[in-house]
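This is the structure I have questions about; it appears just below.
Chain naming follows the written order as A, B, C, D, E and F, and within any one chain the residues start at number 1.
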């Protein structure tokens, strides 16, 4: 049976979903798990505060429970595609399938591509929230710097402005903080990974790709 | 104006609220902030899973918003009286008043009473959840051991069984893990602090008292 | 019986004592613990070196022992009001009452007001000493930056120069180190907390207030 | 073009290679990357000392260089299937393809399946070597315990004895160290993952599967 | 000019001084620095509390200042031979010569002889004090366990009882905590290093030897 | 019997060996251990990549084994004089004599000369490699910054350019990162320690001196 990996955008901005959906094409295989991207209808346009995180948590749990009930063994794994990993541990309690957060998997994957990890956040106010997450993950020694774009999630549709910001933040991470691997700290930056990596000359990790990549393996293994 | 500190039990077990309400009498002063204990009607009987945490988060935010709207400057501070600190950071976004979690304040207070901190959890399954919290707080170096009672929140009304469990867990922390300060890892153990401290000969921190104690000062300072 | 919290300035600069004495007015309640501020006569004008720390340690122990003997149960708690927490652990051995250091309590309180904690030191040479303390407390993950004023304790009476320095240091912490909560790293800055918080738009913790606030609760609880 | 993931056993014990080769069947897809398992002819029967690690490092580099030269773009990724991650960082310098170590990926995957990670080592003497690795990875806060089997790599062919040892070590990790996820600390235990997970009632991570799972995604992404 | 390293026993128990004086014979060279062992007359019989630490701090500073004044360039370095490193940082401010603590140097030397470091303390009450020191040194990740003898400093003259205790504590560190290097946590155990190392089959570090060994080099280098 | 400490330069640049050989003169005593400096013929001109590290590892092991066989008890200790500590743990397995790495001993010695440790690397690409080492040592809390010279090992013969670079890097460490002790991150900078210390007004640790200093003591102690 072909299983499906559900990649869920907890915010309601379809352009974000569309962008990572396209970025995930590389992970779609004829005989492999299907990858289906969903947008959480109840979500705010962007997850930019702790309250935004909390407001999508139960809807995410319910969505996953519903998908699990509907698809049974056909549901292979769930990816929560927001860099705040909203509801990650609650969703894990709600299903026996693998559940992966993009913040978590973005950081873990970065650990295999460099030593000093830097993160590009959308907003400065995201940094303490991310700090709590990386602390909970026990990764504080390795995630050594975070620099904000100063852009809202919905503004990321402006590719030109986004790229200018990414380049500025990436250079600050590379040149001032001496990081040697960058993680994009929002699901809405998926279209720019390769471009930024080329510009910076430093590995760049796109977290929704990183998490979905891990989900494929976990789906196949069944654990 | 006399301000009120609202100490909110996120679970619906009134016996838990009653027990810490009584334990907070020592903190009630003629001219000081009022201390009012509330039980979250929507809460489950005990917060014992991440899902329990999530389910009370928005109700807690709404409760605090409502209290804030009703009492205005008369609301001095909020204490979330569950050792999982549910909704702590979301509630902080919802009000300008001080918001304190009992897990957080229990641990911080313990840091001033000993060096190696041990926690008595209700259930083994609480330990990873607490681990994520202490990691987020950056206190992993100091909170060195956690031992479970193996009792549900509602079972804590059985004082005899609870004391037997607390003594067993406390001795394990003291004698095997060499801790020199114990934190009670649930709001429902408030009646037993002094007894356990005497039995163990080691300082014991009751976290709802610890958090409310800090809330008094913060209320008076107004920051 | 009304208990007294003794807040002891280990340096001999009365202007420092006077400034935090006034800052503690907010914590004085009709029915609450009395708060009495003392200046250690034997202290140097400022605690600015490890030797300064050591020289006041035994005098502090003796002062506390004397107060304990004189006031008995009327002595509720002791606050050591110097950011080097001189003699903290020795004084704890000398009395059964709660003993709190302002460095310790300033940092612990900051943990509840933000994630990335920054400290404003008086002198650059204070930073390694503080680093040893924060290391001993196990808070290195959270206290992420420290910036010096470059002013001696006694020079802090020059309010204008002090404010200029605090603003410069606070902006460096906020804008270069991306901290989201500031701790004033000297008891002699107490008059400027509210002003600096307003200027920076970031929470600012005054450590003598923070410690005395915690001492009130501990005095009432009796543990 | 179908790419191949080369999973290299740095020791010369073919039974180890055979066992993980079979365990990797779940990861073989019709349209996915091929997974080819190799045994390093020059390797010792087991990597059980730092010297064993060093002796296979250059042969591994040369093997990878040779495969890279021979297969070009057809070589998708390399997995070093020994829990000491021998030569990991040197091999990364030798190719532009993803290179993953099983110790690294076993630990990283465990971080997504539980909070307190425990490792089952083959020999007690492996534990300091693993400790250096986990320290270099910055994962010391999360990898909280390691228990040895006390068996040589070549002895792992004795399935009955191995399972008895795994069960004993796993129970020690679960019951004494309160871990909630186990990592098998040797590539030669691959046949026993599911069995041990069922016996312990705790997630068990097989590191060669974990690393190859990650390699599939990285191969497809091309970064 | 032949320089002298002054190794100062901060407690007044001459038997402790005599024992490490003899243990330092191996470090005495015809053309090398002289090693002179002193007993602090003002010291208590053993440094067993924080108060004991504080009471010897200024006498140590004064002793070193006096030696410095008397010997000038002939004073090569100072070793503070108590495992609480009393006055270490104050003495460093009082002289430009190298000043080494035995706790510090014992731990640092242990880092070069094994990975997981265990310490044998004299008393259980020493462990929090040592914990604060290792925290200040930033060595908490490596110093993973400490086990007490339960003996006062003066009781260490009873060699038979001391050896029985050392063996019991050493075996607990080796077999329960899986440490691979032991540090003797008191200057009064110097006579038993070789014996314990042979008994345990694990490297044992004698801290006064470790510190004096480092002092020789530093004296010769002049920095 | 006079024992010999062998200080081995793993790179083949004789000028590097010559420079530290001269710097070690201060450690040569009439009756003390002989200090003999060797250049590894098989080494590359500089150890600048992980591959360089690996390529010298087995030659170093073989060299030490040969020296051990030839000199027997006359071989007192081995110092690996490259800041990447190549082969450190393998060489330790190959001999019962003390083996010390200069990165390790440079960092450990720095811990006794200041609190915030900064390192001057030769190349930016060295920083992740060093980061892995300091992580493995568990010293990440104390080694807080590293700044590269941007010079190859062989270019260090240009004293003027080297000093200009050291001064720039040292000032960055001192003024931007607020370090209070500097470690020279390459064996090839030995001639400049005193000069840089004077220029910066901050202690500077030369790691080959630091390691050889520790080796003298260990040789004399015989453990």
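In this text, a contact is a pair of C-beta atoms (placed from the backbone, for glycine too) under 8 Å apart; a residue touches a chain by one contact, two chains touch by 3 or more.
It should be emphasised that the depicted structure is a prediction, and the values quoted were computed from it without experimental measurement.
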{"item": "Minimum number of chain-to-chain contact steps, chain C to chain E", "value": "1"}
{"item": "Those chains which touch chain C and also touch chain B", "value": "A, E"}
{"item": "Rounded Å distance, chain A centre to chain D centre (Cα mean)", "value": "26"}
{"item": "Gap in Å, rounded to a whole number, between the CA centres of chain E and chain B", "value": "42"}
{"item": "Distance from the mean Cα position of chain F to that of chain B, given in whole angstrom", "value": "51"}
{"item": "Contacts with two or more other chains, residues of chain E listed in rising order", "value": "129, 132, 135, 137-138, 140-141"}
{"item": "Contact graph of the chains (line, ring, star, complete, other)", "value": "other"}
{"item": "Interchain contacts (touch definition) - all pairs", "value": "A-B, A-C, A-D, A-F, B-C, B-D, B-E, C-E, C-F, D-E, D-F, E-F"}
{"item": "Contacting residues of chain A [partner chain B, same complex]", "value": "49-51, 53-55, 57-58, 61, 87, 89-90, 92-94, 129, 132-133, 135-138, 140"}
{"item": "Contact footprint of chain D on chain A as seen in their complex", "value": "26-27, 29-32, 98, 100, 104-105, 108-109, 111-112, 137-139, 141-142, 193-194, 197, 203, 209-210, 212-214, 216-218, 220-223"}
{"item": "Chain E-touching residues of chain B, taken from the complex the two chains share", "value": "114-116, 141, 178, 180"}
{"item": "List of chain A residues in touch with chain C within their complex", "value": "124, 127-129, 131-132, 135, 140, 146"}
